[in-house]
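Before I ask anything, let me first share the structure, which is written out below as structure tokens.
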Amino acid sequence: MTAEGEALFCPLEFRYGRDEVRALFSREARLARALKVEAALAESEAELGMIPKEAANAIAHAASSGAVRLSHVDELERTLRHDVMAITRALAEAAGPGGAWVHYGATSADITDSALALEMKAAAAVLRQDLSELAGVLLALARRHRATPEVGRTHGQHAVPISFGYKAAVGAAEVLRHRRRLDELLPRLAVGKMSGAVGTGSSFGANAEAVEVATMLRLGLGTDEAPTQVVGRDRIAEFTNWMALVAGTAERLATEVRNLQRTEIGEVQEPFDEAQQVGSSTMAQKRNPTVSENVSSLARLVRAFALPPLENMVLWHERDLANSANERIVLPHAIVLADDLLVKLTTIFRHLHVNVERMAENLESSEGAVMAENLMLTLTARGLPRSDAHEIIRTLTGPGATGSLAERAQGDPRVMKVLSAAEVAALLAPDAYVRAAARKTERLVDRLETELAG
Amino acid sequence: MTAEGEALFCPLEFRYGRDEVRALFSREARLARALKVEAALAESEAELGMIPKEAANAIAHAASSGAVRLSHVDELERTLRHDVMAITRALAEAAGPGGAWVHYGATSADITDSALALEMKAAAAVLRQDLSELAGVLLALARRHRATPEVGRTHGQHAVPISFGYKAAVGAAEVLRHRRRLDELLPRLAVGKMSGAVGTGSSFGANAEAVEVATMLRLGLGTDEAPTQVVGRDRIAEFTNWMALVAGTAERLATEVRNLQRTEIGEVQEPFDEAQQVGSSTMAQKRNPTVSENVSSLARLVRAFALPPLENMVLWHERDLANSANERIVLPHAIVLADDLLVKLTTIFRHLHVNVERMAENLESSEGAVMAENLMLTLTARGLPRSDAHEIIRTLTGPGATGSLAERAQGDPRVMKVLSAAEVAALLAPDAYVRAAARKTERLVDRLETELAG
Amino acid sequence: MTAEGEALFCPLEFRYGRDEVRALFSREARLARALKVEAALAESEAELGMIPKEAANAIAHAASSGAVRLSHVDELERTLRHDVMAITRALAEAAGPGGAWVHYGATSADITDSALALEMKAAAAVLRQDLSELAGVLLALARRHRATPEVGRTHGQHAVPISFGYKAAVGAAEVLRHRRRLDELLPRLAVGKMSGAVGTGSSFGANAEAVEVATMLRLGLGTDEAPTQVVGRDRIAEFTNWMALVAGTAERLATEVRNLQRTEIGEVQEPFDEAQQVGSSTMAQKRNPTVSENVSSLARLVRAFALPPLENMVLWHERDLANSANERIVLPHAIVLADDLLVKLTTIFRHLHVNVERMAENLESSEGAVMAENLMLTLTARGLPRSDAHEIIRTLTGPGATGSLAERAQGDPRVMKVLSAAEVAALLAPDAYVRAAARKTERLVDRLETELAG
Amino acid sequence: MTAEGEALFCPLEFRYGRDEVRALFSREARLARALKVEAALAESEAELGMIPKEAANAIAHAASSGAVRLSHVDELERTLRHDVMAITRALAEAAGPGGAWVHYGATSADITDSALALEMKAAAAVLRQDLSELAGVLLALARRHRATPEVGRTHGQHAVPISFGYKAAVGAAEVLRHRRRLDELLPRLAVGKMSGAVGTGSSFGANAEAVEVATMLRLGLGTDEAPTQVVGRDRIAEFTNWMALVAGTAERLATEVRNLQRTEIGEVQEPFDEAQQVGSSTMAQKRNPTVSENVSSLARLVRAFALPPLENMVLWHERDLANSANERIVLPHAIVLADDLLVKLTTIFRHLHVNVERMAENLESSEGAVMAENLMLTLTARGLPRSDAHEIIRTLTGPGATGSLAERAQGDPRVMKVLSAAEVAALLAPDAYVRAAARKTERLVDRLETELAG
């Protein structure tokens, strides 16, 4: 980081996020996309005979050659106080005489919203790839640990046995649901417009529909069927809502790691560089799940970023500008952070330390109580009313009970009337439940891997 | 309303919402759905030979015959402090000896989440119908007024001419996008589970997958591929997020009516019963857009209801209960209000008073300035640099200008050098722009009506 | 619950919340408050000679005598579609000839906003009492357990010893901060207005200021210094924001209980009726912290309710109606739930089962590592560079270490060079840290009890 | 902006916000504050005899002399992956032998949270000044236009006459309420801690309370009475909630300008540089209220930033880290934007073009209907039942009415029975209402100016 870097303000410039994602939103990249739209417009208009071919060529060349410098655009904007006018002036200057045809018939939002659609499309591609990688890592973990016994927990309490792999598979399934959602919303998100000041295309005359379709085809975008001055903001809000959903999953997965890493549980540990990393400035022994906590923290912010786009949907008449400034901040920040969350989780799960022994210890610590359900169901199957069976278990496992559940059950005449001691012991071994988890995990991983590859 | 009604607390009991939607969430309806799931489970288990056929028959009959009374369930719950246990006990009692097989192998959440999926599916059907009706009314308005001249407004300022029908068509397109989104998310939302305490199906033994699939088929639901104790909460959050999007559109449409009804604009008026309705207690002359304002108000609440489900996604391990209580409130309230918004908007647009004369007056009030763009574009086409043309218009329309824009332009030598006075007059008549709007509206309405019917 | 009750929709009617709080918002109570404001207005106007004394007496009598029936108001509202007009008509009818002077000079919002202020003032009193009780229970717990050793945890990892009482004292301090905040905001919240259609008092002529002040004095309210048609909505938003803060504390305290009650931790247990209550329908042995989870769940909803009032602040001109409908829902729901959260927490902490043995076991389970900080600080005090001391601890407590930290440290020559074996043992005993916690807890409880009583 | 600037990502680095506010949050400034806290700690400890005086002097000198370079800290952090450890190491290196005593007894959060309190205190001072300036400008506008007639509007409809100055005074009162709130919360916000890993001060031994108090005194901060590892997060959430309230007012004021500047209303215009500024790239005649729209937009984001701190309140045990990352982003962004909003509004209102003629035209455009209330009240005072008077006005002003209300009323026998034609004319002149507004504005401005100066 240079001396200038030391004055930086936003932690997303230097602390969070990846360069390649941040680069999507640099001022240079934004200018390049706006120029690309102006070029596509000029070329489409030339094709339809609305402006001279040479003008279009000159514009397209000036747009892609680097002739339009950001610093010059900034200078023009300081005078004009209008960002798109500054770009069109700079482009017109750079295109020579043909420059008079820059932006012909277009309104500013035709450029900015189409450029935004390019940006969103590129961002969606990054996030889709992130989801695929995270799902892949989770599926590998699921397959590896499909039969690793662990206690399932509900309400923070031991419930019944599960396998660690099943946990991972549940995560993978959730991640892939987000990928499906993204695939569904992308055609609504990646749409531009070239239809003038109020969306009716009137400034393009009889060619309105043709200009719009041709320009969007060149750009690889769909067309907003019914824009106002801008593309409908429900499209943006749908995307930020989707990121909020992704953030929910990210926080859930991070919270799972944080909880399983608790001192008293110790079943997993997120990667930690034992040689160098410092856990705490005063408690040198600590191994804190700081990356997972970081994911939890940033996820909350991604979620909050969903609010302004929802309010932005309420534009007045053919548009007001009240969506503009917050979108310029929300979209890049939310996307860089959503990527960051997913990449961090992928690293965590790729290198997660899974403590199989500790999982077994915890599972056995209740001396069979986690299999109480199985005993209860069998008592019912052997003819006891369900509520009686439930009551037997409740009292056998209540406060004051000592010894393993098997011993207690074997000492209870109500149980012994319908079951042998060996049956009780078998029913209270966790194996059957873990096997069930393993079978389901296997089927699930097969299915999800097929989807992932698809 | 009875005497008891006078003590009611929640305005959704008596002030907002429709009976038929509220009824989806009555305590009676909830109980009936839970019993339906228990019955489907028993029947599926009997089919698979897991429980006696007669028991299943007795359970199914008790579940549908009204034998299980809500008041009795309430009584049991007061002792057990567990709602599903109360239902299963009451059902078991009602089913006689076969009642011992009620809920066999299931965990509470198998019942409640499958019942919730039935509820969500029914709610989605209502909201889909609401969207269809609103879209239909907007499309009819769009066709009727496809060529009704009106000024388009951006930043609250007159921009260029449009047609009122185009405005309505934009609304219809937005509404139909929501219908498409709902169709996409429904298969993710309408899923239940029958897979026991931690989602692995272990309590159902070898039949786990078969029991689950059979039960969901009977209920007309999909199956959560990878549940924990509960169905993944991303599904619920996706739905409430979707309602927040719908609320955004509702508030946008309501705001449009409120703005167009302003005293100074007066282009539309929401239905008002002139014979009886009171606008203001002290300003008897007022015609306030109160229904539209009401829609704006309730939309904000529907939007806020999207937050708790997003936080609920972060369940601990195989589930915690922290989603439960707020879901019981958020889902019914959000759905009843979302329906209410849509139904009110449908009424508003069905009976909207459109003041075509006032639209024409407003359009003409700027004496041609709204067509300045057309003049500028033609000046450019006749060879003036775009920035010169822009500058000419800017000065012709600046402060201190008097008379119509046509007169001013006809008096400007820079304009007259390239255009005749007649050309100037023609360019500044709004007709061309309104015709463009009409053409686009017509195409759009054709397309959207096809989709609506589909 | 009657047959009608079975059709109820909102869970706040029957499942959550207390009757005495719900009663604040019943339709009866709302009507009574509106009538009280009308009466105070009439009496003030009579006092100032603006209306006849007999009229005021008749109005005041009709307002308080029960002569105005809710059912009749409902009937009038169905025709007028204006709630305040319905009330004034009903009151005028009930007041006989003097009824002509009902609502003289007032606008609807003068009545509704002043009545709302009465409602908010009553609600604030309830919530203040709730906070006081919760703080009292936490302080008692803090004093009782001021020296009960427990491990402090950061990042979910054991950190250093603490006392359980200190935890409780931290909670009490947070709760009392909310009480202070409430005391500060109340004078801004409990303000009404009697200043007509746009807040300038013009409809009351020369007496405007006097009428307003006199009416508010009668009602025990402050006066909005600069209202529009309505009282400034920042006042409401400040209150719902405050409830969101309270909800944050409630969720924090509930989460603490849920985490300390985890099977692997087991340091506390929320009250559970062992004789009858059912933990799980299939896992009869479970003791789930369901009330704490319930608090977590409802807290999220209270937080979400803060959003609409923030948006409602953006009223157009002298007011629009877009605050109205959501306020009617948000305020009662948020207040009933905020009370519910606090009352539930008070019960939890009053009857909390504190497992002192388990706390001791957990504290000792790391065999001294939780006191590593103390050793490090002393090494530093004895002349080792801080980073060396940190590094010694880091390696002594790293993976692969066996035996207690004391044994390991006593076997390390770098440590032994500056400390004796006995010193090491003393430094690693948790007592000193627990004593420090006890001392601080004691001072804190003394101070907070004084504040609580104040 | 340099070449590096062209790659910048966050619009708050270059597009929104002021340098002097941004500078509060630069990485340099953050480092300086952390060093200041370390120095204050060392000096306090030396004073209490806990560490050598020379060490404290060396540390204090190294902390303030610029000897600790950000680039070196960054380098250390890359290895240690712990930001505070990196700072303490760099400081220790710079302080020579005395450096061993850096950070003695402290935990990282003692430094970061105390430094954060310094940051918040500085930010609060800036925002308080912003509020004072905005209030001052609004009060000047209020006094100047205290008697400028304008129509009051409710529901977007003409209501009764008001003065433009009253509008401004209402805004000033709201702004000053925020200043009062800030003054109340600041003592809760500007608090640090020096109490070690879990807040009990145990690592400071017997001097714990003295060290903490002395350090905070040196820093000009209060002390958190009951911290955990961190200062209670309710303090931060209260501040971001407060900024959300400020944002609500900012959006309200901006929306007022936007609405009054509508083409059809035209009563105000935000400053616009006629000589150079471009309103629209294709509609050169436009004067868009873009700064006000910008304020509306950014206000929504400030509001959204209130959410993560509310969730951050729910820390686990003695703290988790899930507040940290989002706070690093939320606080600087929210504060820079809140300042930006207020400064922009101050500029808008300082240079607002107020079109007094247009206000008069609009007021008169309804030909007296805006004074209907006055007529109604007088009819009531002359003995007509209120509901009859209301009904007369309602019909006189209903659809189909032509001519001024005075003419219509003078032609209505029901009115003429109790009023003369001259009385009707006088009652329907707006003067009385405007005078009432002027009187109230004057009193209000006097009072608020006193508060502002205080």
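Letters A, B, C and D name the chains as they come in the text, with residue numbers starting at 1 for each one.
Please note the rule applied: contacts are C-beta pairs under 8 Å (C-beta built on N, C-alpha and C of every residue); 3 or more make two chains touch, one makes a residue touch a chain.
Computed from a predicted structure; not experimentally measured.
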Joint neighbours of chain C and chain B, given as chain labels: A, D
Selected pair, greater C-beta contact count between A-D and A-C: A-D
Rounded Å distance between chain A and chain B, as computed from the means of their C-alpha atoms: 24
Chain centre separation in whole Å, for chain D relative to chain A (CA means): 32
Residue list for chain A, restricted to those that touch at least two other chains: 85, 88, 103, 153-156, 159-160, 196-197, 203, 258-259, 278-283, 288, 290, 293, 303, 307, 311, 320-321, 373, 377
Chain A to chain D touching residues, read off their complex: 1-2, 4-16, 22-23, 25-28, 70-71, 74, 79-82, 84-85, 88, 103, 106-108, 196-197, 203, 258, 273, 276-283, 288, 290, 293-294, 296-298, 300-301, 303-305, 307-308, 311-312, 320-330, 332-333, 336
Residue ranges of chain A touching chain C (in the complex, touch as defined): 153-160, 258-259, 261-265, 274, 278-290, 293, 307, 311, 362, 365-366, 369, 372-373, 376-377, 390-394, 396-399, 405
Contact footprint of chain C on chain D as seen in their complex: 88-89, 92, 99-105, 152-156, 159-163, 166, 169-170, 172-174, 177-178, 181, 184-185, 188, 195-203, 205, 208-209, 225-229, 232-234, 237-238, 241, 244-245, 247-249, 251-252, 255-256, 259, 303, 306, 310-311, 313-321, 373-374, 377, 380-381, 383-387, 432-433, 436-437, 440, 443-444, 447
